[in-house]
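Each of the two complexes below includes chain A, the first together with chain B, the second together with chain C.
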Partner chain A sequence: MIGVINMTQQVQFTKAVGNASEINELLRRYGVKFGIYKNGVFKEQFFPFDPIPRVITAEDFGSMEKGLAQRVNALNEFLYDIYHEKKIVRDGIIPEDFIYISKGYLAECEGVTPKNKVYSHISGIDLVQAKNGEWYILEDNLRIPSGASYPLIARDLTRIAAPQAFEENSVVDNRGYAELLKETMENVNCGGARAILTPGRYNAAYFEHSYLAELTGSVLVQNDELFVEDNILYHHTYSGGKSRIGVLYRRIADEYLDPLTFLPESLIGIPNLMEAYRSGNVGIINAPGNGVADDKGIYYFVPKMIKYYLDEEPILKNAPTYLPFYEEDMKYVMANLDKLVIKDVAEAGGYGVVFGNDLTKEKLEDFRKTIIAEPRRFIAQEVIDFLDLPIVEGDKTVMRKADLRAFVLSGAETKVWASGLTRFSRNPDSFVVNSSQGGGFKDTWVLSR
Partner chain B sequence: MGIISLEHSDRLYWLGRYTERFFTTIKALGRQFDKMIGTSHGYTDYLDCFGLPDIYTDNRSFFRSMLFDKNNANSANYSLERAYDNGIVLREEISTDSLSFLQMAMDTIAKAEQEHNGNVRLALLPLEDIIYSFWGSINEHIYDDEIRNIIYIGKTVERLDMYIRMKYPFERVEKEFIRLLKNLNRVPKGTPYRYNTKYLSDLVEILGTQEDYRRDSEKAVDSLGHLFDTEEVFV
Partner chain C sequence: MKRVNFFYSTKLTFDDYVHNHSFALRIIPPETDTQHILSCNLNIAPHTPTQQTVDAFGNNVTAGYIRDDHRFLDFEIKGSAQVDSTKHRTDYMPCYLYQSQYTKPGCELKTFYENIKLKCTGTVSEKAEYICNMISETIEYKKGFTDTTTTAEQAFVLKKGVCQDFSHILISLLRMDGISARYIAGLAFCDGETHSWVEYWTGERWEGIDPANNCPVNDDYIVISQGRDFRDCAIDRGVMFGKYTKQLQLVRSELN
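After this line comes the complex of A and B, so read on.
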């Protein structure tokens, strides 16, 4: 089977990396944490790391790389089209319901063209590999996808704890991510410093914000350190002066970005930021309004977008998906509800995902009614029998479900980072791999030959 | 001057102060532990330095509270946590490497706390090495002299404050004061941590001779606390 690492190879990788404890000890030392709110209380946790890497062959990555770049290019075309001429709607490829009802569609972004026409500078594309080796796209994350910093630092530390693993295996070095990110930021820099905007220390991904700021030499800022004057974004400096910001990699959601444009009650936004952006005086990464393209409902249409905008056949497949919005699909969903996984398009982070076979008869019937009442709210997908990956648990190796978040960076060119965040479920019966729900992570090795 | 906000300059100052408070507390408690051997309630002189009441049942409860109790604002652990709180939002300025030493210190003190029956003092020894490494790393990673100076001002102010409260010999205090004066001289006008002339003059007077130091140490602590008050303008 192409693309599937066999058991003998997997044992070899496992042995090469060795014991988890040293690497986890190092991750602890370097403060690799994520924040989580439970019952309203903020807690910082170490992100459990499994030392056995997910390994992707050079051949497999070659095709995945093309497929991911193709997908992101089409999504960028789509975003430009939606906020300008909307040809794809006019030509009947995507029903307009899916655009205007989407929470991610922002009328305030109509007619705005970001520098170099790049909307999704950093795209996190979630994939799973089926047992036959085929990769399926699970979802696109084009707003503020997080997670790249974890395999980045884990690789660095694994090379300290288990150097032999990299002598014995030809693994593509993934440590160029910061340089790639810097290039991507510079591509849309409108003149000034690079800054990363964080909501603050108590954000779940604060480690990532600060680590990427350090690695890219960007200023890490919070909203109260920034202000807009004459449509230019500035940073208040220590000595009472101001310093211009040319590109802002914001790690806060669209609706909180600018209280004068979006939610007036936002306490973490920067008044008039959107004016500075519209005037072409600051690049915002990722562009506001991208949510319309990573909506779970729009996901269904991405293969059609690829054909429409690029006139190419999609290289990577979507998981088989049904839209109850379409009558035919609704019939199928109703007939197979107990076998499908249903996703609420408005939810993220593993929430709003229901496996039909987990529901009692009564709950299934209730859910059926909800879908009929709100067909646009849900998508249904076949449960892919995806490849389990080995993880170390105590002194045993056990098999668990895992996905892969690939990172695609769109600067002057669209480049796929030869690594990615592999997240796994620690619960043997669960498909949900999100860190917020107790999952762990692995490094992702791309073999160079 | 690199780009740094007022908020970050404040964080740097307090990172310097809390890290030093942690370090001086650890060292002082080490000496106090030695003094307490063979005594009961042999710690009251330590409490007197900080004007704290004796609420401890014995030497052990005092020692453990002053080391580990995160709710005790005078404990080493409390200061370390505050240092970390300030450090974690300065990663891009001080580096992940520097931050890792604070994390290492937190892990070491947490491990020492678990060793109920072991030799706690011995378990704490690596902390001194870790903090020395932290300062080495800070020196290595902060390229901007002005930014580096802020953290060192915090460190020296705290050291001086602790030394005066704990009635350190004049020679030690004088050396630290000279160090502080050198740091203060590097602060440009019109920026935070530019000293208030009045309070600096008071300090120069009090710490000028051994006798003045003995007599007016409380006033010295007070002046130190106001050193960065904005200068009043008299018409």
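After this line comes the complex of A and C, so read on.
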């Protein structure tokens, strides 16, 4: 079993990091929070940290790294192609419908070429490890994937609480993320300062926005501090002047980015930002329009993209996926509905995920009808029996489901951050590990040998 | 072929001072296979520097920013063009086959399509003309019942509307029938304001059709902008700060 940490090693890692309560106390003091909206009310909650790290061997990370970079390179090629020549559609690899019905496709971005042709500067790729040690891609997040700051600060605090952990174990330092992000931003800087655009402190990931701004030496801004004049993005300075922004890492969704191009009612966007972007006067991270590539329906085609654009075999596998859109797949889905997990392609954050075996007979039949009526809306996947990870609960260690969000940064080269956000479900019966659903997180250690 | 002089102006007046005003105008007619722009002057007051770009749909965008307090924004274009509607445009985009924000059909439009579908046969042009006839028999041209936010379905339920609504309804039905179609905003001889019509894709080229007048497009039409629906073609979009509550918009256009 390649890449699976054995019991003796696991006990060693668990002992090394010691007690969770101290680190959680530190996280609280640093204000490491995660905001969620429940029934329309904003609530900030602590994102519970489990001190036992997920550990990835050097060998395992080596192949994962190649696979992730390959995948992100193909996705970047795909985005350029879709917004320009559309060869992959013309050559019949992806049906046209899947592109233009996708909510993430933005016709407004047709023909716009971002600097150095990078679309997905920061990609959050979610993976799970099966019991046999093999990694599977669950989904790609190419819009504004969040979460990198959590393992970053947790590592820092673990160093304070349990410094011996890093003396006894050879773990790759993850503090390089700041440098990596800075490089990625500079690669598409069109002349000016680096800025991180936040919708404000009532956003789920506000902690992250401010933390990353501090680490990368970027200006943390809200939209009312910015304006576009002569198709150049400026920041109002305190003295009443203006200073130019060359690259904007925006943490707001495409639809809200520019009220003169997208939703006119957006109050968090910057008017005429798209004009500045189209003119090549500002880099936007990630590029607007990326949603067409991380659509759950497009996921099915990513291994085909790797062959099409790179002429390589995919290194990392997709979870076995079926598209009810294809007749043959529809037959399989109908025959095995009670064993599959069905995902609504339009939803995110762990919403719209249904496990066939959780449904009563009646509900299953209703759901069957919904799928038949709207086949393009769903994908079906085999439930992967993934590896449980130990977490501390009270004074016991229990086993829970967990996934891994790997961060891939595309600057001059595509690099994989040797860490990542491991999220786990606190509910023993749940496979859904999304932080919007009340889960916790772990640090991810990549061993250096 | 015809030589046409065009003029268009908008006066926006606010009932209080506004500032930090960003705007994007789609007002300069594009140079295309069917219209050669001989001259075109744009005047904006208060005087402000502007920048020109071309958007994804091929429209000329004039962007500007007025930082200081002002109570009005006026802009006008004046020019002349050589129009030749026997020539055809070929700037295709696949997104024109898919329903967009304003054209997404609801129950009523879908039912209407089901009822006319059997008789909708022949070439793409014959189908488009048939659908256009059916719309003129069903919808009455009447001002004051719809506005710029009205969707195809809403106007269809009202059975009343203006050129914008006729265009949206026709585009929706054409797309339901698998024919790509786009919204055109422009100037025409029949109107004192701006006009809108539709272009459908024959498989090789765009053909113009004017659903509000139920007639083909000839040399009396000047294209200002095009897109999936009205949203991509709004002549002016702006965001400004201030205490103002109302704006008055006066529009005048002329073709001769």
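Everything that follows uses one rule, which is that the second predicted complex is superposed on the first by the 449 of 449 C-alpha atoms of A that agree within 3 Å, B and C clash if a C-alpha of one lies under 4 Å from a C-alpha of the other, contacts with A are read in each partner's own complex, and residues count from 1 in each chain.
Heads up, the rule we're going with is that a residue touches a chain if its C-beta (ideal position, glycine included) is under 8 Å from a C-beta of that chain, and two chains touch if they have at least 3 such contacts.
Every value quoted in this text rests on a predicted model; they were computed, and no experiment measured them.
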Would chain B and chain C fit next to each other on chain A once aligned, or clash? fit
Using the superposition on chain A described above, determine whether A:Glu96 touches chain B (first), chain C (second), both, or neither. second
Which of chain B and chain C A:Leu310 touches, first, second, both or neither: neither
For chain A as apex, the angle formed with chain B and chain C - C-alpha centres, to the nearest 10 degrees: 90
Contact-wise, after the overlay, does A:Pro259 reach chain B, chain C, both or neither (first, second, both, neither)? second
Would you sort A:Glu225 into first (chain B), second (chain C), both or neither based on which partner it touches? first
Regarding the shared-chain residue A:Ile371, is it in contact with chain B (first), chain C (second), both, or neither? neither
Would you sort A:Leu359 into first (chain B), second (chain C), both or neither based on which partner it touches? neither
Is A:Ser279 contacted by the first partner chain B, the second partner chain C, both or neither? second
Just to confirm the value: shortest Cα separation between chain B and chain C in the superposed three-chain model, in whole Å. 15
Mind sorting out which residues of chain A both chain B and chain C touch, each in its own complex? none
Of all residues in chain C, which touch chain A in the complex? 20, 22-24, 49, 51, 53, 55-57, 61, 63, 65, 67, 93-95, 97-98, 228, 232, 237-239
What residues of chain B sit close enough to touch chain A in their complex? 1, 3-9, 85, 88-89, 91-92, 95-96, 99-100, 103-104, 107, 188, 190-192
Chain A - residues contacting chain C, complex: 86, 89, 96, 99-101, 105, 107-112, 227-231, 259-261, 264, 271-272, 275, 278-279
Which stretch or stretches of chain A touch chain B in the complex? 28-31, 153, 193, 200-201, 206, 210-211, 213-214, 217-222, 224-225, 235-240, 243
